[in-house]
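Chains here go by letter, A, B, C, D and E, matching the order in which they are written, and residues are numbered from 1 within each.
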Amino acid sequence: MFEAIAFYLFAVLTIAMFTITVMTSQALYALTAMAAGMIFISAFFFILGADFLGAIQIIVYTGAVMALYAFGMMFFDTTRNVVEKQTNPRIVFVLGVLAAVMVVAIFVAPIVSDNIEALYPINSQVGNTQAVGMVLFTKYLVPFEVAAVMLLVAMIGGIVLAGKKMDRSLTLMAEEEIAMIHASNERHPEKGEH
Amino acid sequence: MEITLTHYLVLSTILFAIGLVGIMRRKNLLMLFFATEILLNATNIGFAAISHYLGDLSGQMFAFFIIAIAASEVAIGLGLLIVWYKRTGKIDLDLMTSMRG
Amino acid sequence: MLEPINVSMASLNVATLAPMLIAIIGALAILVIDLAKEGLHKSFYVMVALLFLLLDLGTLVEFGGVFLKNGTVLGFFDVMLMDGIAILSQIIIVAGSMLFIPLALTSKRFHEYNYPEYFALFLFMIAGFQFMVATDNLILVFVGLETASLALYTLIALHNRSKSFEAAVKYFTMGALAAGFYAFGSMVLYAISGSVEINQIATVLAEDHYSNIGFVLVGVVFMIAAFGFKLSMVPFHTWTPDVYEGSSAALAGYMSIVPKIAAFVVAMRLFEFLVHSGVVWLQVILYIGVVITMTASNIWALVQTDVKRMLAYSSISHAGFVMAAILIGTTQANSGLFLYWALFSFTNLGAFTMLWVNRQKNLLPGQSSDHPYEKFSGMIKTMPMAALMMALFMLSLAGIPPFGLFWGKMYMIGSAVSAGYTVLALIMALNSAIAGYYYLKLIIFMFMKEPMVGYEKYYLMNASLSLKTIIGIAAVGTIFAVFAVNPLLEVITRFVYNSGY
Amino acid sequence: MLDHILSILIFFPALAAMLGFVVAKDSIRAYGITVAAIEFVLSLWLWYAYDPMSSGMQFMESAPLIPAFGINYLLGIDGISLFIVILSTFFTLIGIASLTETRRVKDMIITLLFLEMTMVGVFAALDAIVFYVFWELSLVPMLYIIGAWGGPLRIYASVKFFLYTFTGSLVMLVGMLFMAYFYYQATGMWSFSILEWYRLILPENFQLWLFAAFFLGFAIKVPMFPFHTWLPYAHGQAPTIGSVILAAILLKMGTYAFVRFSLPLFPDASVFFMFPIAAIAIIMIIYTAMVAYAQEDIKQVVAYSSVSHMGVIILGTFALNVEGVSGSVFLMLAHGVVSGALFLLVGVIYDRRHTKLMSEFGGLASVMPRYATIFGIMMMASVGLPLTINFVGEFLSLLGFYKQSHTYTLIAGTAIIVGAIYMLAAYKKMFFGNVTNEENKKLKDVNKTELIGLVPLVILAIWLGVYPKPVLEPINNSVESVIQLMHDKAQSSEAKARIPNLSDAGAMKLHQEAH
Amino acid sequence: MELYLYIALFAPLVGSLYAALFGASPKSYHTGLIASGLLFTSLVSSAILLSYVMGGHTVHVELMTWMATGDLYIPFGFVVDQVSVVMMMVVTIVSTVVHVYSIGYMDHDKGFNRFFSYLSAFVFSMMVLVMSDNFAGLFIGWEGVGLCSWLLIGFWYHKESATWAANEAFIMNRIADLGMLIGIFLVYWNIGSLQYDVVFAEIHNLDQKVITWIGIFLFIGAMGKSAQFPLHPWLADAMEGPTPVSALIHAATMVTAGVYLVIRANPIYSEIPDVGYFIASLGAFVAMFAATMALVNRDMKRIIAYSTLSQLGYMFVAAGLGAYWVALFHLMAHAFFKALLFLGAGNVMHAMSDELDPVKMGGLYKVMKGTAILMILASVALAGIWPFAGFFSKDKILEVAFSSEHYILWGTLWITAGLTAFYSFRLIMLAFFGEERYKQYGFHPHEAYRFMLVVMSPLALLAVIAGWFEHDFVRLVTTLLPGFEFHTHHVELMLIGVTSLIAVGGIVTAILMYRNGPLSTKWEEHFCYKVLINQYYIPKLYNEIFTKPYGALSRFAWKEIDIRIVDATVDMIANAIYKTGENTRDIQNGNLSTMLRWMVIGLVVLLALAVAFTVGYNAIGA
């Protein structure tokens, strides 16, 4: 019973929050609503016994991602009212609703299967985090490491893109210009790009 | 009134649809990126729920990786937006139509 | 309490990681070198990257030998899967990358090659693709895919002009949506099978006799949407022309080859068991998808005014053509896919390199894109050799025998015919005819029109010895493909057949 | 060397073309003539070495190309293809020797040499894919010739030519692949060898579909009504040399392919489609002759006349008896000679006046008597006067089809009437009457260069009209084996009846020789 | 003898090629002389062959293979037998005369050499036609003479009317040739050979229907060459050519090829008397029909041409009724006097500066006595007055008609005989006698070269005496041709008398009517006159129902069908594809939002299909 109440409560909350995120024209509201939505989602994780996931959700999303977005908002100066020209707003909702309705139409049927075996069964005697760790560092070691590479890529990418070096495009400069810049850099190495 | 997997899946679907609506209607790129986060979060709920109901950890693993991916995407996405913003001073996608046809 | 797990190193088959690790190590090495010594010339990084890729390729060839002897190798708790198609596609990925990376050695300076990180990201991307194909675990596929994609977005944007940013943003945003589709699709498949490994999913579904057909289809729909994006199936293709146009020709050519073969392999793993299990719906959808993709993109390519955009649409069409292999699903068709793609790599390498060679820094007066058809007019009179080369690649793309792509086309159509898809074969053939027009258009501009006054200086603007070498390699590969087809076919067929496809 | 003479014949011009890039611009003509002459002599040697009594393939060459898919580099020549090969080399030589083009001659000659390779390749190939390779490849040089040296609508014309033929041949490719697959099913081996395919007996409904697929490719190439509309544009816009080669050789690929593929592979389907195709042939003959009559441009007249004559060739081919098929093969050569010559002749006047409108001319007979004479001879050859080359072919073709249908032949026979109408009318407009146009009064008669091209053709047109035996005999022998093969393979009783059994006919022949 | 055969055959060819060598050069007498000389050689050879054949032998040679494929075997084979030798003689005699005559006639013409080249080529073709031993060889000659006729009619190619007539002649002949070709095909597929001897030996084994068809188709061929109705208009128009040409081709030789064919193919026509009767009826009709047109015509050469047509009709009556030797006999006799008549007309034309209207002449007798006498001789022969050649041959035909009890045919021919006499002498009277009207028109007539008259004299002689050799002739040719049983001995004299009477009547009427020059122009208003002068409106009719519609239809086929339908369809498909691209390229409007929407639309569509399938699947499953 408690579970049901919690589910419905959080369901309504997340839906509301995300709806606000999607619909509001105030960027700040959107951001806030999304952060709230994320936190409510972590509640589901806790309900479902995925404690580790819940924690990650809060830390990564509400911590890191939201901070990044907040930074971005400030950078882009979109804290105020965002004017968006809506073209064919109706079709957007029709499509969204249609997608939802059709998937739901399939999902309402229960999954019938006798052949599903849990490869990595949840052991109630073990804490979720421990179990996750166990699986993560055996079975999912490779993806985990690749994820590390991915984060490295993202990091490099983010740094490179946001870097100062991008301000001056060699692509668009004539060769002579580039040569001049290089020459001046050599004369004043302290002004070189960092 | 028991909460079944179906409930979670439907919830996941609804959230996903909201994300889709956001993706389709947002013109401000930053806020469009919000919507992509919603998509991934919606699936995360589904994974966690399935994982729970099937008693299998793989779902949680998947969700875990999705969170990592989402985070990386934010980094790259924001990086791209920054260069774009520096160049044009706008992040409205309606202004981004130099290539077409 | 959880029991500690004892894992012997031998059972891990660490070697299965070797190819990707080499690429990653290479990338890290480049980063480290950059820290140690700044300002090294791009040629250094190109060669370092090439060397690492060569090692990578070496290990892959080694794996090929092992595969032919011992069959599929699994590693790391069966996450890594080195079967025939994984090896084949990795070879294409690595070899393709090796051919494309020297395109950085242009005579003009472009922004991205100023970054050592560019080469590091390039290698990371290759590693990502390699992971993507060398597994049947949906999680690793996803992570590998994202690694590669994120690197690729960055590489596009590094070209550093507004079109490339626009391209990167468009690609990124749609990629994010596709990632969402992928995640949702995986979720549905996971829900009905309790597994995120494709062979497990296949087993469970088969044991269930596809009783949850609705779920299967919803999962498949989302997967089609996700891979449709990667493979640029209509209507998920819309990014392709813009991204190709926005990125440098070198990278556009690369994108037309490598990411797609990776996506094809995953699509093969994912969809073929469904097709073979008699999921009629999927057959129908793939059929429609293949036909629409081929036809629509061909029709749009007709009306393009920019060569690179035309090639973008054309590569969509080629992808659609090859997609038929997944629908047909016979060994012959799957071998055809790899054969086609290997030959396509050479031809497209040549075509895009020719564009790259002709790239000037600023747009031509009165033109809104880098490579308008007009730029090539009368080229036979000013640069006969270049015109001949370009014509060669166009003819090959059009499927004129005996140039490379013809053999691929022929084999693909042949496999369609053998599998009873006669109408599909006809549609494929007729599409080649439509495609003939736009390839011909460039030839017409080059051979039959008068040169534009003052455009001569743009030809071969960007040429350098290495670029010319690459064109030479591509040309030789295209012209003499007929002699390579048989060995290729034999090897490919063995790999594909022994992988169970 | 004879073991590889076909390979040499195919690749010698291509190699020479490559080397031609090095030759200086002012010497390229001599180079081209030399190469073409060597090639022509080689092809004559081929004829010399050919055993006319044997009906099978000679000078066979085989090398694996893609054995995994049954594709082999398989060449061979029989009586049907021998002379078309010679005709190809001959016309290349004549074309280069009488070339009057001055713009970018080097490109032109290199292109022509490449074209020669593809032409010889098509007729020498015995592997369907090798055949297809050359078939398609031949489009490219022709595209360039029309598109780069043609008239004001050249681009439209060349693209139309290319795409139309390309489309048809792609459908044909599907047919070939299906055929190979069928072979695979029957024998467990892939093969694209035509000779291997000959041994297959296909179920009738398969034959019909495959026949249709091949037909589309061939029909567009021929070109058969209603697929012919690319031809007037191509001819109308092409430079002289392009039209000559196109009419003389390239169109023959289609009709040759009918004899090489459609008949022996699908005997029942051939019989099934005999009358529909004959009807198309008749439409080609009469309708295009009428259209030719309505033309205002002399080149278009010749172009449409080509279509009309191709109708007779098709009719002869689908007579499915030795007389008709031999006649049609002979007519291919004849039409090559005659239409090639006519296009050369049109080129002569075009070079002088830069117009092809007949209304611009009139009374040329008095200004250019030699030109008028040669044109007259070729015109008479074109309308099929006996003792000219065309008559032998037309006579045999019509004779052959008469066996199958009286009415059809009667209608098709109007070819000799309608052909005369447009040709004589055109000749009258161009050559007769008084010289009304001032510009025509000072025209020079044909010069030496042009005579080099024209005189051999005139000689050929009359020589082979008077004494066709050296050519007709090898053709006949090979055609007999084709017909016998068809008879043996035919399944339906109608086909058995329609296609004569030659082993029975032997007795009748003896009977005749007694007389 | 084979040598003589080859000489007879190839001498004209050599002459032709020799003349052709100088075709484009200015006039040189040697071409004419050599060509004539070679023809004379041919004539001599023919004469030697004649004497050989008269000895009861025939010569049959096979030069070489022409076409051989499948069961078909056609050699270049030549036969000199009783029929062909007669034809050879006729051809060589007339053509030798015409050649020599032409040296004078074409004296002032630029195309002198060319003319001889054509003329000799014609003789060669004609020789091939008559000497061939098979139908294909016959067809070679058949088309060859057609070609030469085209060249010669259109000899003055700057004249529109000449070239038009040339083309008309060629095309009309082609129409008939198709019939002939079909006849040949029928023969081949039913008998398996085209050799005369084989065919004639086997013909009676065939089905009656097949023989009938063979006969009909071969006769269609003959109709064209011999200008029988309805393929006759070309002959009158062919008079545009130089007059020697008309003499040789359109009087003596080529036009009789049709008759020759029927005579040659007598074993076929003997099997099918019904067709023979049709041929005879058509012949009688043409005889009358042409004669009526000749009555009023005001063009000298056309009058003679119609007369030729009419006489050809006579020959066909004989041939059709099975009296082949009679037909051949008349053919021969007619060749001589008609050639003579034409050559005479040629002299007049020369004298009158190519004026052809006899109404503008009159009284020429005084200045051109020789010509006048020759022409009168020829006309008398044509009219069939004893003892001239025409009397023997033409009366025989009337006898044949009477004897086979085809009295209507006889009646028609009888009336025609009167008409013939009338129009012949109308021409003579108008041209040579009466008032010297030419003076009004400012002509200065003069007699032709003497040698021209001399060379005409052998023809004149033959026109007089040819008939006297009837019995020798009969003996000669009936060894090959079937004889004809006359059942008219009891009325023979009466028939001769009646016929001669109407001939004489015709002559007298003409002399009386035209002794004072032409009739008043009032006549010209008369309906009959109009019909006749317009040749029964047949050329106009042909122009309206064939020529013009053909032209219009051709333009329609080109402009409407070929361009607007066939080609437009092709272009439409191409354009439709291209336009689809143009119209749908806005799908890619470059807006990211739209692109994302397309992805979602794709997803939704796929989902809809999935749901539909699932629902359907479950419904079926349930």
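Criterion: a contact is a pair of C-beta atoms (placed from the backbone, for glycine too) under 8 Å apart; a residue touches a chain by one contact, two chains touch by 3 or more.
All figures in this text were calculated on a predicted structure; none of them were measured in a lab.
A.B. asks: What chains do subunit D and subunit E have as common neighbours?
C.D. replies: C
A.B. asks: Between C-E and B-C, name the chain pair that shares the greater number of C-beta pairs in contact.
C.D. replies: Here the pair linked by more C-beta pairs in contact is B-C.
A.B. asks: Name the chain whose C-alpha centroid is farthest from the C-alpha centroid of subunit D.
C.D. replies: Following the centroid criterion, the farthest chain would be A.
A.B. asks: Give the identifier of the chain nearest to the protein's overall CA centre, each chain being represented by its own CA mean.
C.D. replies: D
A.B. asks: Measuring between Cα centroids, which chain is at the maximum distance from subunit B?
C.D. replies: Following the centroid criterion, the farthest chain would be E.
A.B. asks: Suppose each chain is reduced to the average of its Cα coordinates; what separation in Å results between subunit B and subunit C?
C.D. replies: Chain centroid spacing, subunit B to subunit C, equals 26 Å.
A.B. asks: Counting in whole Å, what is the centre-to-centre distance of subunit A and subunit B, each centre being its mean C-alpha position?
C.D. replies: Roughly 6 Å separates the two chain centres.
A.B. asks: Approximately how many whole Å separate the CA-defined centres of subunit C and subunit D?
C.D. replies: 44
A.B. asks: Measure off the straight-line distance from the CA centroid of subunit A to the CA centroid of subunit E, and report it in whole Å.
C.D. replies: 99
A.B. asks: For subunit C, which residues are shared contacts with two or more other chains?
C.D. replies: Residues 139, 143, 146, 150, 153-154, 157, 160, 169-170, 173, 177, 191, 194-195, 214, 217-218, 241-242, 303, 437 of subunit C touch two or more partner chains.
A.B. asks: Spell out, as numbers or ranges, the residues of subunit A touching 2 or more other chains.
C.D. replies: Residue numbers touching two or more other chains: 92, 95-96, 99, 103, 106-107, 111, 116, 118-119, 131, 139-140, 143, 147, 150, 153-154, 157, 160-161, 166.
A.B. asks: Would you please write down the residue numbers of subunit B that are in contact with two or more other chains?
C.D. replies: In subunit B, 5, 9, 16, 19-20, 23-27, 33, 54, 56, 58, 61, 65, 68-69, 72-73, 76, 79-81, 83, 93-94, 96, 98-101 touch at least two other chains.
A.B. asks: Check the chains against each other and report every pair that touches.
C.D. replies: A-B, A-C, A-E, B-C, B-E, C-D, C-E, D-E
A.B. asks: State the interface residues of subunit C toward subunit D in the complex, per the touch definition above.
C.D. replies: Going by the criterion above, the answer is residues 380-381, 384, 395, 398-402, 406-407, 410-411, 413-414, 417-418, 422, 425-426, 429-430, 432-433, 436-437, 440, 443-444, 447-448, 482-483, 485-486, 489-490, 493.
A.B. asks: Residues of subunit C touching subunit B in their complex?
C.D. replies: Residue list for subunit C touching subunit B: 138-139, 142-143, 146, 150, 153-154, 157, 160, 162-163, 165-170, 172-173, 176-177, 179-180, 183-184, 186-187, 190-191, 194-196, 241-242, 245-246, 303-305, 309, 368-369.
A.B. asks: Please name which positions on subunit E make contact with subunit A in the complex.
C.D. replies: 593, 597, 600-601, 603-604, 607-608, 610-611, 614
A.B. asks: Going by the contact rule at the top, pick out the subunit A residues touching subunit B in the complex.
C.D. replies: Touching subunit B from subunit A are residues 1, 3-4, 7, 11, 14-15, 18-19, 21-22, 27, 30-31, 34, 37-38, 41, 44-45, 48-50, 52-53, 56-57, 60-61, 64-65, 68-69, 71-73, 75-76, 78, 82, 84-86, 89, 92-93, 95-97, 99-100, 103-104, 107-108, 110-111, 116, 118-122, 128, 131-132, 135-136, 139-140, 143, 147, 150-151, 153-155, 157-162, 166-167.
A.B. asks: Along subunit B, where are the residues that touch subunit E in the complex?
C.D. replies: Where subunit B meets subunit E, its residues are 20, 23-27, 93-94, 96-101.
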